[in-house]
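Here is the structure we will look at, set down as structure tokens.
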Amino acid sequence: MTDNFALYRIMLLIRRFEERLLAEFSTGKLVGTTHAYIGQEANAAGIFSVTDAQDVIFSNHRCHGHFLAYGASSPQGSDPYRLAAELMGKATGLVGGRGGSQHIHWRNFYSNGIQGGILPVATGMALAEKVKKSGQIALAFLGDGTLGEGVLYESLNIASLWNLPILFVVENNRYAQTTPIELAVSGTIAGRFTAFGIPTLERDTSDVLEIQAAALEAVGSVRRNGRPFGLILHTNRFSAHSKGDDTRSAAEIARIREKDPLLIHAPRLTDAERARAESEIAAIIEDAFAQATADPFPKMKDER
Amino acid sequence: MKVKSFVIHLSSFIYSPMPTVLESLNQALHHALLTDERVYLLGEDILDPYGGAFKVTRGLSAKFPERVLTTPISEAAIVGVASGMALRSLRPVVEIMFGDFVTLIADQLVNHATKFRWMYNDMVRVPLVVRTPMGGGRGYGPTHSQSLEKMFLGVPGLRVVAPNTLGDPGQLLANAIAEDDPVLFIEHKLLYTRPLLQASQGDLTDFEIQQCGETYPTYVLRISNLESSNLTLATYGYNFELVCQAALELLMEREIFCEIVLFSQLSPFDIAPLLDSLRRTRRLLTVEEGGLTLGWGAEILARLAESGIQANMRRVAALDLPIANSRPLEDAILPSVEKIVDAALALHGT
Amino acid sequence: MKVKSFVIHLSSFIYSPMPTVLESLNQALHHALLTDERVYLLGEDILDPYGGAFKVTRGLSAKFPERVLTTPISEAAIVGVASGMALRSLRPVVEIMFGDFVTLIADQLVNHATKFRWMYNDMVRVPLVVRTPMGGGRGYGPTHSQSLEKMFLGVPGLRVVAPNTLGDPGQLLANAIAEDDPVLFIEHKLLYTRPLLQASQGDLTDFEIQQCGETYPTYVLRISNLESSNLTLATYGYNFELVCQAALELLMEREIFCEIVLFSQLSPFDIAPLLDSLRRTRRLLTVEEGGLTLGWGAEILARLAESGIQANMRRVAALDLPIANSRPLEDAILPSVEKIVDAALALHGT
Amino acid sequence: MTDNFALYRIMLLIRRFEERLLAEFSTGKLVGTTHAYIGQEANAAGIFSVTDAQDVIFSNHRCHGHFLAYGASSPQGSDPYRLAAELMGKATGLVGGRGGSQHIHWRNFYSNGIQGGILPVATGMALAEKVKKSGQIALAFLGDGTLGEGVLYESLNIASLWNLPILFVVENNRYAQTTPIELAVSGTIAGRFTAFGIPTLERDTSDVLEIQAAALEAVGSVRRNGRPFGLILHTNRFSAHSKGDDTRSAAEIARIREKDPLLIHAPRLTDAERARAESEIAAIIEDAFAQATADPFPKMKDER
């Protein structure tokens, strides 16, 4: 999927989905928490344009964008409606309402809300794919803040020692919740990988085509060499960490908003294409939320 | 044990001019930092203007920038660092952003901080406080809603304390900080916005309150104008609110007269005031939000069983399941006023 | 529940031609690797010729070099890796070198491996076994002698199992490996060298044994030629040996007739066979090596208390202290035959 | 303390103490476990010859050598008798018999038996010294195998971010219990530090003078800059990991035994000095073990 329109469409889907979600939260229709992917869309769109449908993905708390981009290439896609239903706690949600925003699973896509803890799990998945000789790789997502968790380094060590086919994607939006990277990450991000003999590729861009190219190289390296790889993407989170918790200055937000992946990619489409994307996505989102809203809540099953 | 008595009106749960639990805790931290320069705060995102995920540390870094340390996302190391500080005579207070993450500090608490004193033949002390918000009811899903304190009750050398709206949460925290040994301080998320209860007086639903102990008091509440009560409800923390509502409902609609025994210290266990109440009522319901099996209530019931007291006892607790995100499921899993009332009725039937 | 009966002679604790617990477990791992290519072993120092700190994995890496993975010292990641393998349909068996280090895997067990199935709406299974040696008595000191299994009893989605010399440890392990959900498998260090007990027959001290359940059986032992017994001793794992010795002593010297209820599954709790025994004896002593407070016995007593059965109940467990290195201190802290006998006599006095 | 005789004497004390200990174990007089420092003596002797008596030390399971070298410069020294008594579980032991081999404490010296867990604790101690402006630094010891524990990296990150005066000493004896470093440590050891912006110094030697020089530089750097530092010492463990558990070939052991720090340093002493050291140490050890043997076992105190 290298088609400019498709890339734009995925990014737009994520953008509009998250915007709608934040709106639903602010009107009190949704409760709990959510972490918008707005501003980082090019990462997911670029990466999942070069993965296989059967690759195994472990995502983190900021998983909606990853999920929506995941499987975008496959005929059945990953369904915004099922995600919306999950976020509303509906029985039809991805995991029947049990997980909510941070805890979803669909096909080979998994997420969990404990920072860092998913990384050895993803590493084990890579091991499973390796020994099953499936040819598939594992991808695990982490933010800059999650570089603080020790279990990451245990995982990097094992992935490297055992030659496991896993791509660690660091999305460095320079903040962990409200903590700027300067207060949380010493040394360098790349150094955290090379310390374990894991090569990295680093990009500071919101251009989905550049990310796609980098991801192609990174994914290719993992698949070819059957070894771990670190893809470090410097990026920007436009919205608050979860909902109302933004401590950044208006000036800073304005500055990063200039790196809007949608605006960067838009000129590669015709006006008509963009309009078509907008209207298609608007309809999809509207349907997804309407259908999810109408769906029933789950009931307790008899438990083991 | 010193016993004090006062009276409280249960409707004080609403429209109170009293400070909230959050304000009380926040004030206590202000005061601790102000009055004792050995006190340090460590935690994720605790700096102003954010002031922590639940705002308990708000305003502190602005006043004490040198002693309020925002940390990387490294729960194990934060507690380890704090216990090193404590070994070297500082008084660190750690915030773990969500109680669900105490699993990450288990080794530092169990095999380090709490072991040092005894293992080193009482030659060291570890004045460490770990504060953390527990509990559900906010739709945060399976990794941000648990009440995992039960894993740490009974850990040798560890005191586990939980504030409530009846006692003074700030004072409780101050006492924990003054302690020379490690304290795990469990704050239920739903407590933060609650105003402290205010002693008042005057009608049928007034409770007369006995306070047992000073530092981490246990409160025994009895409806003042009633001679004999026939059910004891034992609980701690936020669930006190549910228990009070259940007690009122049982009183009004079923004429079941409850005593409430409210604990501030969860571990080590001291059940003397409860045993006392139970001698009067002969029926006990423990109420807690953690999962049933080997929850706080298990040790309570076990000790009571060992005491030889003749009483009917039951526990109300969460189902032994993860806490679902979806509201109806979360409600089905966690305790509620209704479940407490039902259990009380069932127990009463026996 | 299926109930089987057989007879065992208690002196079989000595001079037995039977395989040891170690051999039984080791054979089971051999068999599992041989018959199911989804089975993998992970752990520190598990390769031959060393074969693991307690030799449970001896001979395995030589035969199955691809599926026996020695790991760095990374307890959390090993369990995480294994749970990822399990999610993707392998059947990993992890060895944690000392049970004291389960504090390091708490997050992976509680917030990952055991949560996945329910949290993902039963769409996944996590066939993961974590084996680990617990217990003291070997002078290993405060960080290598604990019995910490109690921290994990009641964790939703986790089965906790402990072998003993009466059942078939290897079969128990095989059953755990065959399970589709996570199992924590607790091996007491002192068990390894013990031979399995052999059914035999013939004298006063013979026990008649009822086996309740097939996969993780609970055994009820009654002295065969006695009509009525008047004390139930409930236990698991290595402490069964202490309990048997105490039962003999109580029989010979005090004419107290004991039933022993021996559990293989510690969590989830099923107390039906125990309740049954207690209906006959009306007196219960639980015996475990972990610390008293919120130990296994607490949940047993709590459930029994809730059941409404009238019985005198006590727990024998370690003091709530770290396990000292020095022998006299370790002995004073841990349960012993003498302490069991004393508690039994005290209980009998009541 | 740069005196060649003193350095030799400390190394000899460690050697003879550990030999005696292993002998006591093999005759069954001692139970439990022990991890001999034999072969690595130059590390402890070199390092503690350049530290201050008030510096704070956190040692690991292999702590006897560290303890015996600790405080060797101070008039009261660290007492082999108290250590022997502790290992025998006597009331007069360093911690009254409660801790045993891996869990000792004396003045500013601490040890614990959980790999990795001590590192954040030592980091916190460094923080305490820093804010107390004591001028003291913290030293923490770890082996190559302990590079597997994630909490190490959490500690390195914090130590670096907060400019804490701590020296991490890696004693790389190329084995963790029976696991060779190739199976446990990917990438490089130095890289594990530089990833967090922490400088390192690496030495592959058993010459106590070289180690002393390196330690002087490392300790000086920490004290001067108030920042963490990694001292990586490649070394050799001559004995088994704990007692009988050696899986290395006789040839390998013979090869590493050539790098005996005592033999390397001995030529710098006169025959008379060496003889004096031997006889002094023999007497100290004999006294220590005799006195400890005669001491009473502890009794349980009433507990809080």
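Order of writing sets the chain letters: A, B, C and D. Residues in each chain are counted from 1.
The definition used in the following text is that a residue touches a chain if its C-beta (ideal position, glycine included) is under 8 Å from a C-beta of that chain, and two chains touch if they have at least 3 such contacts.
Computed from a predicted structure; not experimentally measured.
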Chain separated most widely from subunit D, comparing mean CA positions: A
Subunit B and subunit D: spacing of chain centres that average the CA atoms, whole Å: 42
Mean-CA-position distance for subunit D and subunit C (Å): 37
Interchain centroid distance [CA atoms averaged], subunit B/subunit C, Å: 32
Contacts with two or more other chains, residues of subunit A listed in rising order: 96, 98-99, 103, 112, 114, 147-151, 154, 157, 161, 183-185
Per-residue multi-chain contacts in subunit C, two or more chains: 71-72, 74, 76-77, 100-101, 107, 111, 115, 118-119, 142-143, 321-322
Contact graph of the chains (line, ring, star, complete, other): complete
Residue ranges of subunit D in contact with subunit C within the complex: 31-33, 86, 89-90, 93, 96-103, 112-116, 145-150, 176-179, 183-185, 245, 247, 297-300, 303
Complex contacts: residues of subunit D adjacent to subunit A: 147-154, 156-157, 160-161, 183-188, 191-192, 194-198
Interfacial residue positions of subunit D with respect to subunit B in the complex: 56, 58, 94-96, 98-99, 103, 105, 110, 112, 114, 117-129, 131-132, 138, 150-151, 154-155, 157-158, 161-162
Residues of subunit C touching subunit A in the complex: 40, 66, 69, 71-72, 74, 76-90, 92, 107-108, 111-112, 115-116, 118-121, 123-124
List of subunit C residues in touch with subunit D within their complex: 44-45, 47, 49-50, 53, 70-74, 76-77, 100-101, 138-144, 319, 321-322, 324-329, 332-333
